[in-house]
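When the chains are written out, they are named A, B, C and D in that same order, and each has its own residue count from 1.
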Amino acid sequence: MWLTRPFRERSTQLFLGVLLAALAIVTFLNLALPADNPLHVSTYTVTLLGKYLSYALLAVAVDLVWGYLGILSLGHGAFFALGGYAMGMYLMRQIGDRGTYGDPVLPDFMVFLDWDSLPWYWLGFDMPWFAFLMVMLAPGLLALVFGFLAFRSRVTGVYLSIITQAMTFALMLAFFRNEMGFGGNNGLTDFRELLNFDLRSDATRLGLFIATGIALALGYVICRAIVASKLGRVSVATRDAEARTRFLGYRVERFQLFVFVVSAMLAGVAGALYVPQVGIINPSEFSPIFSIEIVLWVALGGRGTLYGAVIGAILVNYAKTVFTGAMPDAWLFALGGLFVLVTVFLPKGIAGLLAYRFKRDRQASRSHDSPKEAAA
Amino acid sequence: MRMIRSFVPGLLLLCLLFGLVPVVQAQEDEAAGQALLEALAVSSYEAKSEAIESIITSGDERSRRWLEELLGGKLQRHKETGRFVIVLENRGRNWPVIDALSFEDAGEMSRRDLDRIGINNALRGQLQSALAVLDLYTDDVDDRRDAARELLGSVDAAMVEPLRELVGSEDDAEVRRLLEQGLAIHRLNEGDIDAIAELEGSLNSRVRAALNSATRSDNPLVADAASAALLDIEQKLRINSGLETLYFGLSLGSVLVLAAIGLAITFGVMGVINMAHGELIMLGAYTTWGMQQMLPGQPGLALVLAIPAGFVVSALAGIAIERGVIQFLKGRPLETLLATFGVSLILQQLVRTVISPLNRTVVSPEWMSGSLMINEGLSLTLNRLFVLGFALVVFACLMLVMRRTRLGLEVRAVTQNRAMARAMGIRATRVDIMTFALGSGVAGLAGVALSQLTNVGPNLGQNYIIDSFMVVVFGGVGNLWGTLVAGLSLGVINQVLEPWVGAVLAKIVVLVFIILFIQKRPRGLFPQKGRAAEG
Amino acid sequence: MIPTIPALSYRWLAASLLSLGVAAPALAQEDDPIKVGILHSLSGTMAISESTLKDTVEMLIEQQNEKGGLLGRQLEAVVVDPASDWPLFAEKARELLSQEEVDVIFGNWTSVSRKSVLPVVEELNGLLFYPVQYEGEESSENVFYTGAAPNQQAIPAVNYLMNNVGVERWVLAGTDYVYPRTTNKILEAYLRDEFGVAEEDIMVNYTPFGHSDWQNIVSEIKQFGSEGKKTAVVSTINGDANVPFYRELGNQGINAADIPVVAFSVGEQELSGIDTAPLVGHLAAWNYFMSVDTDANYDFIDAWIEHTGDEMSVTNDPMEAHYIGFNMWAEAVRKAGTTEVDEVKDAIIGVSVPNLSGGYAAMMPNHHITKPVLIGEIQDNGQFSIVWETPSTVAGDAWSDYLEGSRDLISDWRKPLECGNFNVVEGSCGGGQAEAAEAETD
Amino acid sequence: MSFLSSLADRDRVFDFLVPATSPVDVRHGPILYLDDVTVTFDGFRAIDNLNLTIDDGELRCIIGPNGAGKTTMMDIITGKTRPDTGSVWFGSRHNLLAMNEPDIASLGIGRKFQKPTVFEALSVFENLELAMAADKRILPTLTARMTGEIRDRIEEVLETIGLTELRHGPAGILSHGQKQWLEIGMLLMQRPRLLLVDEPVAGMTGQEMERTAELLTGLAGKGKQSVVVVEHDMGFVRSIARTVTVLHQGRVLAEGSMDQVASDPKVIEVYLGADPDEEVA
C-alpha cells in the first residue's frame, strides 16, 4: 500500500518520533507541572507552538510543489487563507445569538452593514462536517481551476510564479471588499467555541496544539508517500526536465495539477488549524508578501526535504517571536538578511548543511539500502 | 510679491461694491492702520467680515498686502503687546516676523505668544473675490483671465455697473467673455430668462452650477430653458469625459510603464527577477526629497537636478545589488527573486531607520501644479501630463540606448549567447553590471516622477512592484515595446472600468484578465520566439 | 539515516522552551515597578502612525516617574512590536498579559487590530486604552476608548458644514474598511433623517487601502459638485491614500472655497508628509489640534519636542488621547490604591482629568470619554486653524442612535447593570456578555 | 543481439500495460510522412516546405549544417512545435499535428535529445523505471509497485547500456557518454516504433561510438523499429547509414546513399562555401 510506504523509511520514523515526543513532552510540561515551576510550559507558549506547527504544515505543502515539482508558488498563502476562512466561517456561525446584536444567524459585521440575510456561500457552514470539508475543497477547487488553466497552457517558471502572485493579490483585494461578505479588512474574529469546546479554555488550546501536531504528522506522511512513489519520481523528473518527461509519455500537466491540488488542500488544513489558535482571519493572509515569506521558510530549511521545510518554518517564526519582542527594529533586517544569505550561500538550506555533514553516513547507508527496500 | 498696479480704479470699484464713500486721502498713519487691524482681532466671523470691508474701503496702500497675508493665515497679533506682525516662516517653534504696519523686520517670535487672525471658508471667498476684482486691473492678461474666471458665480448687484464698464474697456476678448458670463450668471440668478442664451454652450462648471440651480427655479419658463441649455452642454461634455477617461488611462499607464520599464530591462534582458525594484524606485523618490532639502525654496530646480541624481543613486544601488547578490545566482532566476526580496526588506527598513518611518514632503514646483486647460470643461492635470511626457522620453532614450549604442549591442549579444559573446571579446560581467545599473537607474527616474504623484515613504516601492511585474509579463519578457503597450493599455482598461465597477473591482478584473491572458499566451503580448526563448 | 536530527531537534526544542520559559511570571511584589504594556506597531505599514504613540506613552511614563511614580512605585514600559500584523496583535497582547503580567496596555490603532486583541484582553481580564477615533458599535468591559466615537467627530462636523457652510450635497468618500463604512452609514442615516437630504444628493465612494490613482474619482466629485448646490466631501480616507487624493484635488482645480473636504483621518502627522499649499482651507474634525492655544498644550508640545529631539515634530489627536487615557488610569490607580484590574476598572468611571484644549475629560460609564469637537482648516504650514468648536464637551456614544440595530442599546459598566450592550426596549443585556456576566456572578 | 530477442519476448508480457491506442498502420506505406511543412520564427523560415518520408524499419540519417532545421523538424514530429502549414502523419492513421507530446510518445515515437537529457536527481535505475512502457495515468503511477518482472527488464537494459554498476548512483554524476547511453536505454524501455535520435555520439570515445553504431543498426528493421538519426560526425554517419538526407535552410537538399550525397555539388557547396549569415539559427 503506497500510503504505508513512508512508515518503513527511517527518516520518517525519526521525524514522527521527534514530533510525537515533542507533543507528549509539551503536553506533560503544561499539564503536570505547576505554573511556578521553571519548566512549566504556559498555555501561551503552547498556543505559540501550535501556530508554528500550522505554519510548518503550510511549509510542507509548499515544499511539495516547489521542492519536488519545481513550481515556485508565490500564492500558497491564498490556499492557507481560504482554509482559514472556511474555518472562520464555521466559528462565526457557532457564535449564534451571542453576538453583540444578538442576531441568531447573521454575524455582527453583517448586522451593522445591513445585510438582511446570509449570503448563499455562508450556508452550510453551521455544520462542522460541511465546514471541515470546505476547508479542503475550497482551496482544492481554486487550485484545480487555476492549475488546470496554467498547466494546460504550460505556463512555467517565472511566469507561473508571477501569476500565482497575481492570484493571491486579486483575492486579497476581493476579500478586502466589504461587499464580499467576509468581514472586509476586519475579517472574522471573536470566536467562541469549536465543536462545543470553549476556545478560551486552556484545555481546548492544548487540544488544538495536539491536533495541529497530528495534522502535521499526517500531512508529512502523505507528502512523503507521494514523494516516495513513482509519482514522486515523475514529479522530480518534471522538475528537472519537463519536456523530457512529456516525451516519455507522461501527461505532465495532470501530474502537476494533482500534486498542486493536494498541496493546496494541505495548505487549507494548515489555515484551518491556524485560525482558532490565533483567533482571527483577515485578508492580510492573502498578501503576496506572506506567500513569499513561506517560500523563505522552505528555502532556509532546505528545499526538497520535507523535514527541512518543517525546521525552516519553526525556526523563522520562532526568530520572529523573539525579535519582535526584543528588538523590533531589527526584525526586517534579520529577515531580509536571511533571504539573501540563504539563497546565496546556503542554497540547500539547513537540511543541506546536515546532509553535507553526514554525507559519509548516508553514502554508507545507501550502499546497503537496496532498491527493493526503498521501492517495495 | 506682486506690485499693486492699478490701484485707484480697483478701489473705486470696491467702494461702489460696498456702497461706501471712499476715504480719499491715503493714510500712512500708524494709528489708523493699527485700528483697522485691531478690528480683525475679534472672534465673530461677521465682525471680521466687516473689518475686512473697512480695510478694503480704507484706501490704505497696505491693504492689499494685509488681505493677502490674512488669506494666507500669516497675519498675526502678539498677545501681550497687541502688535500686528506678518509671519514669514511658520514652521518650528520660533517664527521670523515683520511688522505688519511698517513691513520692517521684527526679529523672531515664539508661536506661543502669537495669535493668528483666523478666517473661515466664507471669509476666504470674500477675500478671494476682493483680490480678484483688484486683479482685473492688472496688466497681465493671464491674471485678468484668472480673476474674471474667479468672479464667475460671485458677481453681486453692487458689482454689476462697474463690471459693465470694465467689459467696455477691456481689450482681451476672453476676459470680456468671462465677465459677460459672470454678469449673465448674476442675471440668471435674478430670474432673467434671456441670460440663458448667453450661457449656452459654456462648459464651465460654475456656469453649469448656475444653470442647474436655475432648473429648480419657480418660473417654469426659466427652468425649462435652463434644462434645455444644460442638455446641450451635457452632450458636449460627453465627448470631453471620453477624452478625459482616455487621458486618465494614459496617465495611469505612463506611471505603470515608468515603474515597469526598468524591470523590463533587468528581468527581460538579464532574466533577473528583481523584487527590490520597487525600493530602487523609492530611492529615486527619496533623492528628489533630498534634493529639495538641499535647495530650499527652489523645488523646480531641485526636481530637474533630481532626474540625473535619482538615476545615479539608484544605479549605484543597483550595482551594489548586482555585485553583492545577483552575480552569485547566475542562471537561477527564481532564487534571484528570493534574494532580492530580502534586499527589498533591508532597504525599506534602512530608510525607516535612517530617515524616518514617516512620509516625506516633496513639493510640486509651480509649473507642475494645476492643469492645462484644453477647453472650459476639459483640463489636463499638469503633473500627470509631465509624467506622461517623461515616461515617453525615458522610453525613447532606452530604445536608443538598446538599438544604437555599443552597450545596447553588447547587451543583446550577451542575452542571446553568453558564451559566444564572451568569445568575441565582450566582457560579459561588465555588460551585466551595466545592464543592471541601467535598469536600476531607470527605476530611480520612475521614483523621481512618482514623487510628484504619491507618497514618498518607505512603502512606496511595495505599492508598485506587483503591478510592474504584471506589466512586464503581460507585455512579453524581453520586449520593451511590449512593456510600453502593456502599461498603457492596462492603464486605459483600468480607468475605463473604474467608473463602472469601482476602483477595487477594476483592479481585480485587470488582474484576472492578466492571469487568463497568460494562459492564452504564456509568453505575453509580444513573445520572443524560437529556440533562444526556450532556454 | 541521518542520526543527528533527533538530537538536534531535541536540543532546539529544549532551547526554545527554555527561552520561552525564562519570561515565566514572577509574582508582583510591592516594590516591583508597575508594568505598562505598549502595543503599537513599530514596523510594517502602520509604523508610520503608531510608532509616535509608543514614544508618547514612553514620554508619559518618564514624566510620571519624575514625579515619583505611582503609589510609590516606579513605572516600567514593556514595548512589543506587533508589526502591523493583526494576528500578531492578539499574540503580543497575550504575551503582555500572561507572560509579562502588565497592569495596563496602551495600544492599537486600526479597528482590525483592536478586534483581534479584544477577545484576549477580555479573556485574561486586562486593561486596554485605545486612543484612536473609531466606528463605535462596541463596548468592552476591559477596553477604554479615549478616541472619538462617531458622535464626537463625524456628526458635529456634518452639523458644522450644514449650518455654517450651507452644504446641501454630500460626497462620503472613504477607504473600504469598517470605520468609514460605519461612519458613512451613520452619516447617511443622520443626513436623511435629521435634515431630509435626498438620496441623489449623497454620493458614497469606497477605495482600497493605499489607493493612489484618484483621477476618476476626483473628476466624479467635480461633476457631482457642479449641480448648483453647495457640495462638500466628507473624507474617511485613510493614511497613505490621502496624499495622492489631495494632490489630485489641487491639480484638478478643486479648492476649499468650491468644494471643501472635511477629513476625519488626516491630522498634523499626515500633513507633515504633504505639500499643504494647495490644501489650504480644507477641513478636519478632531478633538485636539496642535494649534490649540493653551498653556497645557504648549507645555505638552515642548516636552514632546524635547523627548524626540526634533524641533519639527508634531503632535496630534491620538497622542492627546493617550495623554488623557494615561492620566485617567494613573488617577484611577491612585483612587483605588492598587493596580488590580477590577478595582481600577471600577474606580476609573467618573474620573476627570484636564485635556490639552483647556477643558476636562471625564470617563463615562460606557468607557468612552467626554471631548470637545474642533473643526480646523488646513494651513500652509501643515497645521490647522480652528474655525469652530462645540460649545461644551460631548460624551462618546458607544452605540449610534442612527443605526437600526444599535439604536436601543446602551452601555453602562457600573453596578448593577454592568453590561456593554443593554437593550433598553427588551430590558436585557444582549449576546455573549449576558453569559459572561452570569459567569462572573456565579 | 541478445537484448533484442528478449525485447521480442517481453512484448507479450507487457501488452496489458500499454495504454489502449490503436496500433500504427503501416500497411499502406511509410511510418512517418511529412508533407509541405513550414515553420517560421519571427519571420525566419526554420522549416521551409519540407517533405520527408521514412519507411517502416528504415534507418535514416539526416545531416545538414547548423540551422538547417534538423532539431526543429524533430520538435514538430514530437509535438513540441506546431508548424504553420503542412501535415505530419504517423503511419496512415495518426495525424501527429492533432496530438500532444505524451500522446505521441505513447503512440510509440521516442526521442533522444541533442543535449543528453536525463533526470539528474534520480538514479540510473529510476530513470529507466520512469521510461518504461506502463500505465502512465496519475493513480496507477501513484500506486505503482516494483515487481520482479519490471526489475528484471530494467536490469537487462542496464546491462545493454553498460551501466549496471552505476544503477543506484544519481544520473547527474554520469559522464557525457554515459548519459547518452542512459538516454538510449530509456528509449529502449519505451519500446517505440520510431526512434528519433539527435546526435547520439557527441562526446563519445571511438569505442563507445562503435557500440552505439551496433546498437542503432541492430534496432532498425522491418516490423521492428524505424530509426532517424541526426548526426554531425560524418564517420559515424558513414558507418551506419543506408539512406542519408541532407537538410539545408529548412528544405531537403539531397537524398540518397552516403556516397551519392557526398558527391552532390550542391551539398559540397553548402558544406564548404556556405554564407556564414545563414548558418545562424
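To be clear about the criterion, a residue touches a chain if its C-beta (ideal position, glycine included) is under 8 Å from a C-beta of that chain, and two chains touch if they have at least 3 such contacts.
Just so we're clear, the structure is a prediction, and the values are computed from it rather than from any experiment.
The greatest centre-to-centre distance from subunit C, using averaged C-alpha positions, is reached by D. Should one ask which of A-D and A-C has more C-beta pairs in contact, the pair is A-C.
Chain centres here are Cα averages; for subunit A and subunit D they lie 43 Å apart. Distance from the subunit C centre to the subunit D centre is 72 Å, each centre being the mean of its Cα atoms. Here the spacing of subunit A and subunit C, counted between their Cα centres, is 34 Å. Per-chain Cα centroids separate subunit B from subunit C by 31 Å. Residue positions of subunit B touching 2 or more other chains, listed in rising order: 349, 352, 504, 507. In subunit C, the positions touching at least two other chains are 43, 176, 206, 208. The residues of subunit D never reach two or more other chains; the list is empty.
Against subunit A, in their complex, subunit B makes its touches with residues 267, 273, 275, 325, 328-329, 332-339, 341-346, 348-350, 352-353, 462, 466, 469-470, 473, 477, 504-505, 507-508, 511-512, 514-516, 518-520, 522-523. Touching subunit A in their complex are the following residues of subunit D: 78, 80, 100-102, 105-106, 110-111, 113, 117-123, 125-126, 129-131, 133, 136-138, 141-146, 151, 168, 186, 190.
For subunit A in complex with subunit C, the residues that touch the partner chain are 9-11, 14-15, 17-18, 22, 25-26, 29, 35-36, 38-45, 47-48, 51, 95, 97-103, 109, 111-114, 173, 176-178, 184-187, 189-192, 200, 278-280, 282, 284, 307, 311, 315, 318, 321-322, 324-325, 328-329, 331-332, 354-355, 357-358, 361-362, 365. Listed in rising order, the residues of subunit C touching subunit B in the complex are 43, 45, 47-48, 51, 164-165, 176, 205-208, 210-213, 215-217, 219-220, 222, 225-229, 240, 243-244, 247-248, 250-253, 256-257, 260, 269-270, 272-275, 277-278, 280-281, 291, 293, 298, 301-302, 305, 311-312, 377, 379-383, 385-388. On the side of subunit C, the complex with subunit A involves touching residues 1-6, 8-10, 12-13, 16-17, 19-21, 24-25, 42-43, 79-83, 85-88, 90-92, 94-95, 98-99, 110-112, 115-116, 118-120, 123, 137-138, 176-178, 181-182, 185, 206, 208-209, 403-406, 421, 423, 430-432, 435.
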